[in-house]
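In the two assemblies presented below, subunit A is common to both, partnered first by subunit B and then by subunit C.
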Partner chain A sequence: MLRYFMPLVVIIVLLVFFYKGLGNDPGVLPSQYIGKPAPVFELPSLKDASRTVSNADLKGQVSLVNIWATWCTGCRAEHGFLMQLAEQGDIPIYAINWRDRRDSALSFLSQLGDPYVASGFDEDGRVGIDWGVYGAPETFLIDPDGQVVYRFTGPLSDAAWQREFVPRIEELRQ
Partner chain B sequence: MIPELGHFALILALSLALCQALLPLIGAQRNDATMMSVARSAATGQFVFVAISFGCLTWAFLQDDFSVLYVASHSQLSLPTPYKVSAVWSAHEGSLLMWILILAGWTLAVARFSGDMPQKLVSRVIGVLGLLSVGFLLFALLTSNPFERLVPAALDGADLNPLLQDPGLAIHPPLLYIGYVGFSVAFAFAIAAMISGELDQQWAKWTRPWTTVAWLFLTMGIALGSWWAYYELGWGGWWFWDPVENASFMPWLIGTALIHSLAVTERRGLFKSWTLLLAITAFSLSLLGTFLVRSGIIVSVHAFASDPTRGFFILAFLGVVIVGALALYAWRAPSMDSSAGFALLSRETFLLLNNVLLVVATTVVLLGTLAPLIVEMLNGGKISVGAPWFEVAFLIPMLPLIFLLGLGMHTAWRKQASDSWIRVLRIPAIIAVVLGIVIPLLFYGRVSVMIAVGCILAVWMVSTALVLPLRSWRREKGTAGITRSTLGMSVAHLGMGLFVLGATVVSSFGMEADRSIRIGESLELAGFEFELRELRQVQGPNYSAIEGVVEVRDGGEFIGTVRPQKRQYLVQKNWMTEAGIHSSLNKDLFVALGDQLGDGVWSIRVQYKPMISFIWIAAFVMALGGVIAVSDRRYRVPVRGRQDANDVVAEAV
Partner chain C sequence: MKILMTLLVTLGLSAAVFAIDSEKAFDDPVQQARYEELIAEVRCVTCQNQNIKDSNAFIAADLRREIRRLMTEGKSNDEIGEFLVSRYGDFVLYRPRMTGKSLILWLAPFVLLLFAGVAIVRVVRHRMSLPLDEQTEEGGAQ
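And now, the complex of A and B:
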């Protein structure tokens, strides 16, 4: 008799998982590193493989670390806003080019403009895993001590910027 | 006005779907013929109104009505007309509407081609399909209305995603959905059988052709999707174990198991509760596929907009449908199983093994697809199950399955004498071992254990599949020939063999090279020479492109020119790779243009894909097998007609 109930039990367990998974909206999932130092990384620079980008570059200033890739449509969507932000020159934007190809990443930046102070090239996605990246694009706000202050998932827009980033940056700079 | 009409038609369709669901189901319970008679007309009416609604949305696209949000977000003035039509199902709202249309279409087909079935069964089947329609119509109307207006209207649209501007992808979703949704018919038959508590061999005979047709459409849909990914994504792969691909593959695997289990139920009256469970599972996995794609719960390269409210609705719907069906199963199935014996060496045993292995294969795919989600929820951090894992894990059930398949085809029902069995299978076995080793050595110059295993199994399947048709062909006239059912089975298994051969050869002997190259230079791969003759600007209707003219030579002899393109679509500004493929039966030569690296220097990716076309040819051979099988006499002659014929014979006697 019991075997006829097994499928029912299995599916109920699965549905519970799905329900919890649905609540796990990546947009509100806070980074486990918030208030802690940003994960250690040292990546070859995208533009010049002989140089590196690492935590040392972030020290001493409030900065953004943007995770992006050419294959990600959300990254294309936010690119215009990042350019605008870079032109204002208020905050340096660092990038981790995540699971991408160097040639496509470079042509992307040469066509659409390069808003980044420096880009690290994370070809195999290791650093992305260390940072707990869920999916590109993601943007981390880092304080002058190199600690993660805030994590934003999804394409950045002016509205999200004003709402989530501006107050936090002002607080950091006081 | 037209969009509002479409919206209104959808609401009317919902009302009719409610009638179609409730009246026949209640009528069948109360034995009320009047209430049951509503089933067919309500199903027809529902189809008509859904079709009107779908027509209105298509009209809005053709008229470039950018005051409709969905049109403005997925079309554009200069989009070629065929793509304006296919843009209708290019995103969530429209594809949901197409799903509803196809469900209504299947229901109409059931209503139309069920003349010989008892009224109670028809009413219940149509009623259950009506319940599903109600769910999906509510989903569309409450969370995903495709007719939502955009005020003020846009001057021009945001354009269709360039990836989707392709003939393969224009027809892939309809075929796939016909397959997905087609399993709802088998599901409805299963629910109807469980409500009545009666499941006989006749039930299996009615259910079987519907299942086979759904399965063959799903087969073609998956094959087209894979073909599209191959030439449009520009990577040259043909299967990526992406969650969305897996979502279509799991119902296919279970559908395949269901077809085989139904065969046992029809012929021997066995495996009844198992057949019911598979029918429920096949459709549940189709629903699960929708849920996974639409809710954004699993990150995928397929960029369907995700929305938590939609995800919640689908999950609730999924819960009601599947939990309801399985609760009914737990309650009713125990009393429905019948026991009849069969020998260890019998077709029943092999079909049972087939079912077990297919279910194991499905579980492998399901686990791999859900693993990242489940591990993350158990706080195990993030893991990613990639193609390498699937490729190994999936082979574990598949290799024995393929081997046993050749045996099972030639095993009799109930009990098979082992000496005649060995006599029949001896020759295909010898052919398989010899050709399986000779083919790779002769054509590709090397062989390893895995290559030999793949080729031997492929030839084994092809040769065992050919035994019955060949024997029937050589038989003298006057004796009974092969039935369409058997022929269809043989053809489908032949297709499976061709698939294994193609997949083995391409994964073992495929080669690729990435180089940077100037105009006039050439590169060599697998004995072929590719020379970049020129680069030129090409203007498309809604894109501009750089086209490379690449001449392909085989040992100095010119065999063709391919023209890979890099297209920039004018509205969305993204760059798309359009590969140039020189295709012949035994190989594809695949050239994709990369990026400009400097003045006149381009990166270029060249691939040699031996026998890759077998993969898609095989899928269509399998589907053809399905077509042949459903054209079998016993499905065409309605019971009433046959009785009339018997009466005539009786009178004549």
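And now, the complex of A and C:
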């Protein structure tokens, strides 16, 4: 009797896998650094080339590291929300300005506002590779020990913020 | 025939015109061959169905540059693979490594083959044990 039901069982198991697969977004790659220390970086500051931005800046606080560039449309889309976030002043936002030109990046910030505590200037994309960045914008949530808690890919919005970041930040601050 | 040959040669050469890296990365032909082999096996993470050899996305160009740098530093293919996987995950290599997670990918075909083999042996044994009476010899399937 069992042998007649086996094909049915196999098909049901396959269908469950296929159905689950439908919901997977192949564009979302999990960061390799979740639960691990953020990749070591030291970049010249965008605004003042004689200063640097590095892991040391992130220590001792829950912070965000936002990967952005002026050529990236998603970064423009999320900029308004980042400004709002910076005005609330609840969490410091650091930035890695990725594969950009210093003059374009500076004029972008002076026109649209600067939500960042500090921006590192990653002109040739070396630090981007160390962080496993595959497209801007990306936003990393870093804990006070400098470990990566979460990575969000794509433009941030209030909805995404409430859903993905707020619960994690609350947990970190408990 | 001659026209056909000319056409084929021209078409063959035209691909070179669209190559992403127009200049050779290494003077040494062995290194160059190794480089081309490596970049053909690395997935462009932002344009997922291309390798970084065929893509001119920023990230693909950056990864090609990193691979050139690592090769110049004398790193082995395994070390270069490790460099990429630690940053982007197994997904970045077209030929995933044999690790705990990907073990099932590597072993599943052999396991399935084993199942099929066992099934065949069982069916054949079962049929061989059937009595060879007139009916089955003549009629085959009843």
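The criterion applied here is as follows: the second predicted complex is superposed on the first by the 146 of 174 C-alpha atoms of A that agree within 3 Å, B and C clash if a C-alpha of one lies under 4 Å from a C-alpha of the other, contacts with A are read in each partner's own complex, and residues count from 1 in each chain.
Note that a contact is a pair of C-beta atoms (placed from the backbone, for glycine too) under 8 Å apart; a residue touches a chain by one contact, two chains touch by 3 or more.
None of the values given here were measured: they were computed from a predicted structure.
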**Complete:** Partner touching more residues of subunit A, subunit B vs subunit C, is chain B
**Message:** If we overlay the two complexes on their shared chain A, which of subunit B and subunit C does A:99 touch? Say first, second, both or neither.
**Reply:** second
**Item:** Partner chain(s) touched by A:11 [first = subunit B, second = subunit C, both, neither]
**Value:** first
**Request:** Could you say whether A:76 touches subunit B, subunit C, both of them, or neither, answering first, second, both or neither?
**Result:** first
**Request:** State whether A:132 touches subunit B only (first), subunit C only (second), both chains, or neither.
**Result:** both
**Message:** So in the superposed three-chain picture, is A:19 touching just subunit B, just subunit C, both, or none of them (first/second/both/neither)?
**Reply:** first
**Complete:** subunit A residues contacting subunit B in one complex and subunit C in the other 129, 132, 134-135
**Complete:** As the complex stands, subunit A meets subunit B at residues 1, 4-5, 7-8, 11-12, 14-15, 17-22, 24-25, 71, 73, 76, 103-104, 106-107, 129, 132, 134-135
**Complete:** Per the touch rule, the subunit A residues reaching subunit C in their complex are 26-27, 29-30, 32, 39, 99, 124-126, 128-135
**Fill in**
Seen from subunit C, its contact residues with subunit A in the complex are 45-46, 48, 58-59, 62-63, 65-66, 85-89, 91
**Request:** Using the touch definition up top, name the residues of subunit B that touch subunit A in the complex.
**Result:** 273, 277, 280-281, 284, 291, 295, 297, 299, 301, 303, 308, 311-312, 315, 318-319, 322-323, 326-327, 329-330, 333-334, 370, 373-374, 376-377, 382, 574, 594-597, 603
